[in-house]
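Following are the structures in question.
After this come two complexes, each holding chain A, first together with chain B and then together with chain C.
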Partner chain A sequence: MSDVLMSALPRARRNARPEARQARAGAILVSPAVILLIVILILPVAVAFVLSFSDYTLGRDTLEWVGFENYADIFTRSSYRKMIVATVLYVVITVPISVGLGLGAALLIRSLKVGQNLYKTVYFLPVMASLLAMAIVWEFALHPTLGIVNRTLALGCGSSLELWPWYARSCAEGFPLWLGDRDYALWTLAFIGIWQSFGFNMVLYLAGLTSVPRDLYGAAEMDGVRAPWERFRLITWPMLGPTTVFVVTITMIRSFQVFDTVEALTHGGPAKSTYVMIYAIYEKGIAQNLVGLGAAITMLFLGFVMLISVAQRRFVERKVHYQ
Partner chain B sequence: MATVQLHKIKKSFGGTDVLKGVSLDIADGEFLSLVGPSGCGKSTLLRILAGLETQSSGTVSIGGRPIDGLRAADRDLAMVFQSYALYPHLTVAENIAVPLTMRRLSGAQRLPGIGPFLPGSRSLRQEIATTVREAAEMLDIAHLLDRKPGQLSGGQRQRVAVGRALVREPSAFLLDEPLSNLDAKMRVHMRAEIAQLNRRLGATFVYVTHDQAEAMTMSDRIAVMMEGELLQVGTPDALYDRPADIRVAQFIGSPAINILPVETDDTGMIRLYGAQTGFRAGRAQIEHLGVRPEALLPCDDNELLSGRVRLIENLGSDLFVQLDVPGVPRPVTLRLPPSARGRLRPGELMHLCADRARVVGFDASGKAAPLLRAEVCAHV
Partner chain C sequence: MTHHRFSSRQTLAHLVLIFGAVIVLLPFYVMLTTSFKSSVGIASGTGGLFGAQELVLDQSCVNLGGSEQDCLTRPLIDNYHQAFTAAPLWRYLLNGVIVTASIFVLQTLIAVPAAYALAKLRFWGRDAAFGLVLFCLLIPVHAIALPLYLMLAKLGLTNSYAALILPWIVSAFGIFLMRQFFMTVPDDLIDAARMDGMGEFAIIWRVMLPTAIPALLAFAIFSVVAHWNDYFWPRIVLTGDRNLFTPPLGLREFKGDLDGDFYGPMMATATVIVTPLVVAFLLAQRRFIDGITLTGMK
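On to the complex of A and B.
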């Protein structure tokens, strides 16, 4: 009796409805991806999440649960407040300028009759170069006394440039220690970040511009649109909407992740003015082996990134796709 | 409303001459079609007229006034593009309003945010909204005013593009293959609507198409272009019955005209495959005869040619019969009434004669040349 049942079972499954069969095949086909996703992405995040409630350090056998103490540290201690300020400030400076420059460069390059490829290459070079290596070059260039930046600036002393109060003061008291002064360090890093990333944005915008139908410009001309600014407002900017959302999101996430230049040039200083999140994670979690604290900062970081992605999906993407 | 003159327009891109000196006069309120195979330069000519492209030499005038130095925006023309070129992020109402806001509102009044609150802006905007609504009602798209182009069908987008063109009452309309993205049924429908629009507005229409059927059904006059030159300009009837060039004869009409390769002998008699055709050459040597399918008739005597039935196409309203004729490279097509249906079999031998008034002769260069009837000459 039971033998009959056993042999009938596989046949019954084979004769299952095609939808069920397809669903099963689909589940099998998708499983490698799901497993990889869990092992590589979700599991580590979950582990970090769990560890963020402990005082775990690498190499010690025991760990103690400390509850929300790590998080409380982040939101109460002044060094972590400085971390959030530095990170947000860096993003707020870098994103609009590098997106704006990327768009501007793309528009200018598109309007050229000759030399398009030369400019594309020149602006894209910093993107291809290793940021760590470039940071070292910048370190030389920005050296307070020997660097080419301050030496060049010093050449302007005595000229009409001194009408600018900042310039006159610098000529008298010396030009800034770009990376050693807490009023300048973050701005200097942001400058390097912009220099490095806007070429990438330019390439994305160039790609976006090629997808704008040329007939639209003809139609606008026939409709009486004369000024380039009006043309930009009526066609180029709206048609670049999807590109802009993508560029802003990517640039924001990349700015949140800034690490190379901080590690190479300032180590988070002076006075924690460039103490950005990824550097804090590295310093706490790896250099000082405070894994629990590092994990808590990581969670905060992931929260920021997730917020950006959700904002992109929810608020913007729906409004910029016209089909 | 205005006349349009093109005088010796030439255009070359790099080394290739796209337009080789095109001259054309278009009357006020006329519907003129520029027709020709793709790549013949008709769209370039239209874009030059619009001001979107500059000619290498020649003059464009509108209402007798040369406008070569004027930008497209200042030429007072409206254009409907093949792709419709609607602004995808604007609603239908905003799309149609663009030509009006650009012309009636000042730069400051157009600014987003503060523009609508500037003095005078409000009443102007209301005027524009009224004009847009009137245009939309005329085109039967008033119910779509709040939609975006992405939510419309091809035919509806077409109407919006027409609406945007007519809303500011330009002196002439330029239409660049506006129906080529529509399905066959919609195309026939819009064909009639655009022709009606021309009559209702009384404006000059310049219509570019590669479809001779569109040109034949809609136009007052047709200009046939090939390889950057105008071959013939005339009414649809004139082009169909009296083509000036063998290429015009072949381009206009569906099914195509029958071209018979012939010889002119020493006495001026025209022979087809050695047999007399009953025609004499006038001045020039005749190399080809053109006969429309409906000008051929089956008959027993006085035959022009004979051939065997190759294929019978039944269209319901007409019967098209293709014959293999010795000495003629392409099958010869003739049109018969549907009553002839049961009487023909493939492979059957048929004798044909022609409505003699409707046979056209072409000389060696492909130009139309006079034909004389052989019997008439025999009496002299």
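On to the complex of A and C.
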């Protein structure tokens, strides 16, 4: 916009010399950032791309080109298939619940007459706290014998809760080990991820809700739309379209990057059930120094992330609201 | 009757939200109460929030040759004392401050001039430079950790402050955010400054930056929260040297040699690490929430 203004209003003092000076100043001011962006973000992508076709390991001077062998490994070996399954499953569990709870909390809080700020503060606390620290606390809370979760669940034994078959079985045979059980571990990590992230989504939705014009609800009421669910379906949800696209994208990209809880609590186990991609990159590429393989997983990961971003842009271009 | 229905709906909303709040606060409660208790109190799960605070023996004091009489202490004091003595926790906290502050200062020094140039100056390659910034927004630094680590290792920089700081000094997001903000500053302000004989550098720091304080503050909150809590990157580039550990790494090391007796001091360490940001948040909630939402896209 400022460009248009500048060319549309040629000013006397903007003669050739200051313009040349401005061009030089601009190039000088922007060059540190440009150089660093290239060295720190673009170059590594290129490095990962090149090394993904090699068997490079750190500390050895030679390397051999292996073609698509690393990629073939990823798509054929069962442990990497499990990696992709675990990553996708984690994202598929976490994103809808985290977004849904964020929206639900925002709607409930907006409907309150008192206490809005209190709930907002409480729900936002996990976003502030170090995820690693809180993961370690959750691990302790979920400890099979010492933890508060199983202790509390055990209090319900003998009550009508036992009508729930899962509960009755757990009372008889013991409550789950959570992080130590391959059937529960990924869900438990997803639970921690949801616990940590939904307050963030709530805040974004609260911001989105304030921008829904009030008079739309009045107009709808005149048209006979009175039930809360109808109001939500016809006005609130469509108007929140852009917010939802944004929230879903962020939550997806973040849950693809889950690492802290995996590294600290499960190391990808049990039985690779929580072996997510970033952890695999860390374990293969760095801890085990299988750089070629790690680089191939890195490229696959970047592919996923780019795909999400491109999908988001598509959505936004299709003008998410009023459709 | 309408009134009655309305208030029962309000009550229901409160009940649901209180249930959510209990689950959200549960780990904070567990963390605090465990950090207050002796290993006996932890194992039995009794004592309420503060534990029984029965006298316990301070092992480090006994090891130093103190008599049992002198070495009796309360679990709360013992846990926090151990947190700071069993590991160099002060050092970790200092490292956390050094790393987060350096990252933010360098990010600002690099992003603000670039953002100003992209928003207000006309020069060859400007559109390409902005395109580069937009493209880099799509690359999460965590995703390219492996090649970055290799580059640092080749330069012999792993296990150093440089390794902790360098990959973060250019923030595509910071440049983008500040550029959007600078676009809204009227050109007349800059022209007037130029008429006064100000150079471009003086304009950036003395004219532009003061107008962009809200954006810069939002970015500061975003940057500090992200890097104080970051565990992934320090984990990768620090392999041995404890003196460089940031707070999350220090806590993780504590967990490494876990047995029943260590839960108390470990939770005390966790409390110490989590407290600064939580307290800052409680003191300036509006700013934090606005800052984090404004900078939501990472």
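In this section, the second predicted complex is superposed on the first by the 280 of 323 C-alpha atoms of A that agree within 3 Å, B and C clash if a C-alpha of one lies under 4 Å from a C-alpha of the other, contacts with A are read in each partner's own complex, and residues count from 1 in each chain.
By definition in this document, contacts are C-beta pairs under 8 Å (C-beta built on N, C-alpha and C of every residue); 3 or more make two chains touch, one makes a residue touch a chain.
Just so we're clear, the structure is a prediction, and the values are computed from it rather than from any experiment.
**Q** Return first, second, both or neither, reflecting whether A:L108 touches chain B, chain C, both chains, or no partner chain.
**A** Only chain C is touched by A:L108; chain B is not.
**Q** Tell me which of chain B and chain C touches more residues of chain A.
**A** On the superposition, C touches more of the residues of chain A.
**Q** Check the residue A:Q22 against both partner chains and state whether it touches chain B (first), chain C (second), both, or neither.
**A** The answer is second: A:Q22 touches chain C but not chain B.
**Q** Quick check on the superposed pair: does A:L216 touch chain B, chain C, both, or neither? Answer first, second, both or neither.
**A** A:L216 sits against chain B, while chain C stays out of touch.
**Q** Is A:T62 in contact with chain B, with chain C, with both, or with neither (first, second, both, neither)?
**A** neither
**Q** Both chain B and chain C touch chain A; at which residues?
**A** none
**Q** Residues of chain A touching chain B in their complex?
**A** Within the complex, chain A touches chain B at residues 213, 215-216, 218-227, 230, 233-235, 238-239, 241, 322-323.
**Q** Within the complex, which stretch of chain A touches chain C?
**A** Per the touch definition, chain A meets chain C at residues 1-3, 5-6, 13, 18-19, 22-27, 29-30, 32-34, 36-38, 40-45, 47-48, 51, 58, 101, 105, 108-109, 111-113, 115, 117, 119-134, 136-138, 140-141, 146, 148, 151, 195, 199-200, 203-204, 207, 246, 250, 253-254, 257, 259-260, 263-264, 278, 281-282, 285-286, 291, 294-295, 298, 301-302, 305-306, 309.
**Q** Touching chain A in the complex: which residues of chain B?
**A** Against chain A, chain B makes touches at 47, 50-52, 71-73, 77-79, 81-83, 85-89, 98-99, 102-103, 107, 110, 112, 148-150, 164.
**Q** Within the complex, which stretch of chain C touches chain A?
**A** Those in contact with chain A are residues 9-10, 13-14, 16-17, 20-21, 23-28, 30-31, 34, 42-43, 45, 110-111, 113-114, 116-126, 129, 132-133, 136, 138-151, 153, 166-167, 169-170, 172, 175, 183, 187, 191, 194-195, 200, 204, 225, 228-229, 231-232, 235-236, 247-248, 251-252, 255, 260, 263, 266-267, 270, 273-274, 277-278, 281-282, 285, 288-289, 292-293, 296-298.
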